[in-house]
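Letters are used for the chains, namely A, B, C, D and E, taken in the order the chains are written, and counting of residues starts over at 1 for each.
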Amino acid sequence: MSTLRPIDLALFAFVAVLFIGTGFAQSWNVTLTILNMGLISAIMALGVNMQWGYAGLFNVGIMGFVALGGLGAVLVSMPPVGEAWAQGGIRLLAGLVLGAATVTAAILAWARLTRFRGLAVAGILLIGFFVFRSVFDGGVQAVEAVNPAVTGYLGGLGLPVVLSWPVGGLLAAGAAWVIGKTALGLRSDYLAIATLGIAEIVIAILKNEDWLARGVKNVIGLPRPVPYEIDLQNSEAFVARMTAWGFDPVTASSITVKLGYTALFLLVLAILLWLAQAALASPWGRMMRAIRDNETAAEAMGKDVTRRHLQIFVLGSAVCGLAGAMMTTLDGQLTPGTYQPLRYTFLVWVMVIVGGSGNNWGAVLGGFLVWWLWVQVEPIGAMLMEAITSGMADGSWLKAHLLEAAAHMRLLTMGIILLLVLRFSPRGLIPER
Amino acid sequence: MGAPFLIGEAMTGGYGAGPDILHDCTIAVDPGEIAVIVGPNGAGKSTGMKAVFGMLTLRKGSVRLNGEDITALTPQARVGKGMGFVPQTSNIFTSMTVEENLEMGAFIRRDDFSDTMAQVYDLFPILKEKRLQPAGELSGGQRQQVAVGRALMTQPSVLMLDEPTAGVSPIVMDELFDRIIEVARTGISILMVEQNARQALEIADKGYVLVQGRNAHTGTGKDLLADEQVRRSFLGG
Amino acid sequence: MIDLLNALVVLGNFVIVPAVSYGAQLALGALGVTLIYGILRFSNFAHGDTMAFGTMAVILTTWGLQSIGIGFGPLPTALLALPVGIAVTAALMLGTDRLVYRFYRRAKAVPVTFVIASLGVMFVMNGLVRFIIGPDDQRFADGERFLISARDFRTLTGLDEGLAIRTTQVITVVVAVIVVAALFWFLNKTRTGKSMRAFSDNEDLALLSGINPERVVVITWLIVAALATIAGTLYGLDKSFKPFTYFQLLLPIFAAAIVGGLGSPLGAIAGGFVIAFAEVTITYPLKKVLGYLLPEAWEPASLVQLLSTDYKFAVSFVILLIVLLFRPTGLFAGKSV
Amino acid sequence: MIEVEDLHRHFGGFRAVDGASLRIEARSITGLIGPNGAGKTTLFNVIAGVLKPTSGRVTMAGEDITGLLPHALFHKGLLRTFQIAHEFSSMTCRENLMMVPGGQSGETLWNTWFGRKRIADEERALRAKADEVLEFLTISHLADQRAGQVSGGQKKLLELGRTMMVDAKIVFLDEVGAGVNRTLLNTIGDAILRLNAERNYTFVVIEHDMDFIGKISDHVICMAEGRVLAEGSLADIKANEQVIEAYLGTGLKNKESA
Amino acid sequence: DGHSPIKLGVILGFTGPLESLAPQMAAGAEMAMAEVSASGLLLDGLTVEPVRGDSTCIDAAAATSAAERLITGDGVSGIVGADCSGVTGAILQNVAVPNGTVIISPSATSPGLSTAEDNGLFFRTAPSDARQGVIMTEILMEQGIESVAVTYTNNDYGKGLADSFQAAYEAAGGEVTISAAHEDGKADYSAEVGALSAAGGDRLVVAGYVDQGGSGIVRAALDSGAFDTFHFPDGMISQALVDNFGDEIDGSTGQNPGTDSPGAMLYQEMATAADYDGTSPFSAEAYDAAALIMLAMQAAGSTDPAAYKDAVMDVANAPGEPILPGELGKALQILLDGGDIDYVGASAVELIGPGESAGNYREVTFDGGELQVVGFR
């Protein structure tokens, strides 16, 4: 299972050719941009593959975990906003603690009480809600009033951004734990929609709680783990060396920076892949597959299905959160409004399925290939249209219409390619064995 | 006597691109006759049945019904030609009620089938009681009764049963065998696989012992029961 | 007394009427999703775009009809164009099935493969619709827009508050009720309907009962095409047609189908209303209503709003979660594969 | 060993188990018979924790185990097979067996990364054990075949095989015989007797084949309509009018073998 | 004449939530390029060739890749775009600044972009929303409207605009009864309208997009009789609004970037001649953005962004000969001759501070089913 067949290697080689071809046809900068995001996509696909491929959990809430990872990046790396803390930070935190206390009290009441427990819990929640709002809202207002166009939030810890990657993973893991505790009893598509909903809730919170990460006003200018191109361009040593090697310093600087990211991401991917492979090929992986095949029987054979589901759900989500933090780092900004299920959930699913669910290498391959397509279908679609219309008379209505619609060929082309791949390898390019 | 009514002759084949499971295997039955297939687990009994019913492509051999070569027909088309089949596993519609299961058995019938349904209910009274319950909620033996009942609803000219008595209680089993004899008497051919081999061979006109996809012994039910080696190796002594 | 009436009218106008009609719209969409899940056993992510395609076909036909001067009195002309739209959509559905889904059915692929294939279909249809009619808003409603408008209601009753009921709202609700009843009857009482359920339950055994699987599939797609076109058209008449919005409809539609229990037509209706009412009621500020009901002195100063509308989607999903926690396969015990 | 007190399990209004009380002695082999739908499987499921009882109590060696989850019961030494085979269809037959033993160190993630040596040793032992069981069940040749692709009877054998992978205290067998070749069933019967004699397993066996029951069990319980109808030696049971009427019938076969 | 054409990128959301605005914006930008090419006057007769890229409006990664491809692959010398503030920020930071490419956005209006780190490479022909809030307050106050409900599209544009408006309005003594977000492209807005109506107010301010949730809100508000008159900021003002609602919105008011400069009218005529809708939001700004890039190139005598980035402000602002749409040839000639121009263009461009439009707005009312321009501010 951990070994790659020659055909699999050929597939990886094919993808490599795509990337290299992009380098020649477009530019190496484009190749590296796609590659970096491809690496992140591969990690996301790996996370989803753990949940689906190993354990059969249909998680369609990837977007939420990715976004939480992104939040992690902001909370770790942005400088704290001192004034906001002074104005309302404490009150806001106190509100949050009160809210948490209310929920805890409600859960305890539900567990401990026998009589009137519905009533008691409702009462606790209701009263708690109003107390929470009365404390919390004031804090929020104070914080958000602090220079809203630029800050208006609490800021982060001001630590190196790389630290935020594990933190993003932890945030996602925490959320996954809570979700798993409540929703993992659900099966197949019910779990899917539940997670989809939770992801929407996460995004709604990120969009509307401005004190947290500026909401839809976005946090931009996150610090980087790699140097800035401008600094390189201004560094005489760098310019001198690059010119000596015969490179244009501007191009060289941006390529250097991207290679920096590539190296970091590659390292993370390699570690995760090794961990995932080792786990999958072990009795643990066998147990997971057994659970996926038949929960009832696995349970009867002494496997704690609930616990294992929770474990894998948390792990897979953590990987997605990690990838989310990496992505936000790469983007240099957190823009909650851009989180759409199509892009952050379904596209990742496409990667997993096209690559081959249940197979880590497949997921990784799918991550690279599908992301490359996602970016390149735009020019491909446009080219397709050019080709189709090239025979038509200039100025004909149809030709004009077709060219105008070229932009929409992006999704169309994506769809057709996806269908073709699925058609010729329905179990994915590198299927589970 | 001419060619048998239904015959799977010299069948060779397996699942998908996998290895051959059946090797030159022949199974046949005549109208009003009961033919029983016995053999160890994994011998290819179910595979043979499926082959006769067209649920597996044969690499060699042919299936003929009433002289007509039906090797290339789809299972549905064979149903249309009057063949009925109860598979060994997943042989009921679990989400549909017992009654709907029976109705589906009569799907190709355009006539009024309430008589047949009443007969089935007579045979398996418990089903009448559970008429409106989803079949998936029934006990193992009850499901088996639904499965057989469903096939009876077709009023086929050949009835193929893969282990119809697996998991049914002795009393029901006896009745089931009685009923099978009755059905056969009306001129219907019965082809069945049985692990309750002794009882089955008692009532069989013809018996096949399959081993590793090959015909190991063939004879009348009585012959096979009398064969010491067959008894010891396949019928449990 | 008058105050009470005013309060009721406010509630009716801003909560009940919109929620009922939105619920019916969701329900019609959810019926299609639930039917595909029930019979073909996968979640069809292309349904939103199927609705868009069907509506587009209807719109083009409507324009054709209008251009030759055919109308439908006080009712929207689009209703006349429906059959054509359904036929075109059905052809597309059947073609898609031939080209895409049939292959996986034969290969006995797992449901998630179908889901992902449906994503591919969604992309393609997405492009197709924009390609033909473009990404813009289209209005094609004609006929009488209102059964009664808020202004008329006020003059008629002399109340301070108005109650508006649109023609399309009424049509939608009526159609939803008829369709669900018909579908329920069809699936549970007719031979064909039962054979479809049998097929979804156990394909091999259906084959052994002489059920023609291709026929079942064809009928399913035909019904789905009809449902999608009707749902899309009614929605477009009531609001407006825009391909992107139809794609976005997918989420609440799925939520409705799931809350109700996948595979259950009644569930789709119930789910539609649950989601619609959740969205509208929980975020509705009671200020105005209480203003009418309470004595002057007690009149609330704040909005008396449980949650801001920012969270209306969150609310409907929270409701969904709560329902699922207590009934893991939805209100009407749906299927799960 | 196991004591069931006034156990009820209702489905809606239907009482599948309706006040069953019974005792299973340690180291006994108890046959559980009864008409289709008597509630035998439901009783198993309640004892094994798959279903929650509507009311009643189950104790095992004096300890209350009512409502414990199946995996917890497994670790207490209570194993069961399924009437309708529950194989892990995409795994090989050998893997189906190897996954059974609890507490494998390779089931802890940490060890899969940092305890690979230990896992390898354990795996070797497990593999040998699994192959032994497969051999015993006459399906060695299927070791590397996916369990989803073996015959119906072979799946039942796998079910049984899984219980042989660990040291159980009590094993519930739900119609292992249905669909299993009678010659092989005899061998299985021998194995059950041997496990009982040599390893002190307690068995509860649901079976409709009276010959098999007669061969292995010392004590027979007959259920009907969710309750215990009769109890005793097989001979007693076979002579019981009620049992004959409800279950055995007066058919050809039973007349003969009686 | 032996020169290969210069390429300019046009990165807009051709697919995604603003897909219906993008074509008109692209058409505007490309019309300016065609005009310059045709004049044959740009840097010894260079022609200009547009290269489109899809910003998707929402997917920062896809937009970044597209920009990357345009800059490093196609070698564009400047970019018109992006449309939405979020992706614009991403492109700026991740691609434009590292590669030293000038980008001029016709429509990214988020106030946050004013302070973005840009190395002098980023400009916008649209004003920051901070300004629009003030203008809006003035208009409403002058009409004696002292209490309004506000709904905004839930993105940086809507939120930023709603915030700046609320601040200005309340400072001027007005009351905002509720400020509720709406998501674009959703199926139903009854909940939002219910809340808005319950909160009440003399007018409903709809800070949204006309072909998105904005129209949905207006439709629902009209249908339920919740509000009869509205106030529309820039995202809503367009022919589509009139087409959609006709005389139903009589008595409503609004404002959008624009001037009484003949430029706006001229541009619309040109657009009509070229067979697209020039009144579509930000189409004029897109024309201007493209024009500015090319004029700056001419002024700097180079297509190198590092050289011409400093010329953008010069050509955009006084002193100099005012330049209207359709007069790009003339402008090129003046620059060629060493003269000075003040590009006015279709949207009365006047770049201030960090290189963004100062903000000229036209005030409109709706009357008799027509959009009427009643004044300029």
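By our rule, a contact is a pair of C-beta atoms (placed from the backbone, for glycine too) under 8 Å apart; a residue touches a chain by one contact, two chains touch by 3 or more.
The UniProt protein names, listed by chain, are A, C = Branched-chain amino acid ABC transporter permease; B, D = ABC transporter ATP-binding protein.
Bear in mind that the values here come from a model prediction, so they are computed numbers and not experimental data.
List every chain that touches both chain B and chain E.
Output, common partners of chain B and chain E: C.
Measuring centre to centre with CA averages, how many angstrom lie between chain D and chain E?
The mean C-alpha positions of chain D and chain E differ by 74 Å.
Distance between chain A and chain D based on Cα centroids, please, to the nearest Å.
Whole-Å distance between the two chain centres: 46.
Could you give the separation in Å between the centres of chain A and chain C, each centre being the mean of its C-alpha atoms?
Chain A and chain C have C-alpha centres separated by 31 Å.
Listing for chain A: what residues touch at least two other chains?
Only 207-208, 408, 410-411 qualify.
Of all the residues in chain E, which ones touch at least 2 other chains?
Correct list: 15, 19, 154, 181.
Show the residues in chain C shared as contacts by 2 or more other chains, in ascending order.
As it turns out, chain C has residues touching two or more other chains at 130, 134-135, 308, 310, 313.
Mind listing each pair of touching chains for me?
So the chains that touch one another pair up as A-C, A-D, A-E, B-C, B-D, C-E.
Chain E touches which residues of chain A in the complex?
Contacts found on chain A: 25-30, 33-34, 37, 148-150, 207-208, 215-218, 220-221, 228-230, 233, 250-251, 253-254, 257, 327, 330-333, 335, 337-338, 340, 343, 374-375, 378-379, 382, 404, 407-408, 410-411.
Going by the contact rule at the top, pick out the chain C residues touching chain E in the complex.
These residues of chain C touch chain E: 10, 13-15, 17-19, 22, 25-26, 130, 134-137, 139, 145-146, 149-151, 154, 162, 164, 166, 235, 239-240, 242, 244-245, 247-249, 252, 276, 279-280, 283-289, 303, 305, 308-310, 312-313.
Residues of chain B touching chain C in their complex?
Of all residues in chain B, those touching chain C are 53, 55, 74-76, 79-80, 84-85, 87, 90-96, 100, 103-105, 107-108, 150, 154.
Going by the contact rule at the top, pick out the chain E residues touching chain A in the complex.
Residues in contact with chain A: 14-15, 19, 22-23, 52-54, 58-62, 64-66, 68-69, 71-74, 85-87, 89-90, 93-94, 97-100, 110-112, 114-117, 119, 130, 154-156, 158-160, 163, 181.
What residues on chain E touch chain C, complex-wise?
15-17, 19-20, 154, 178, 180-183, 185-188, 190-195, 197-200, 211, 215-216, 219-220, 223-226, 240, 243-244
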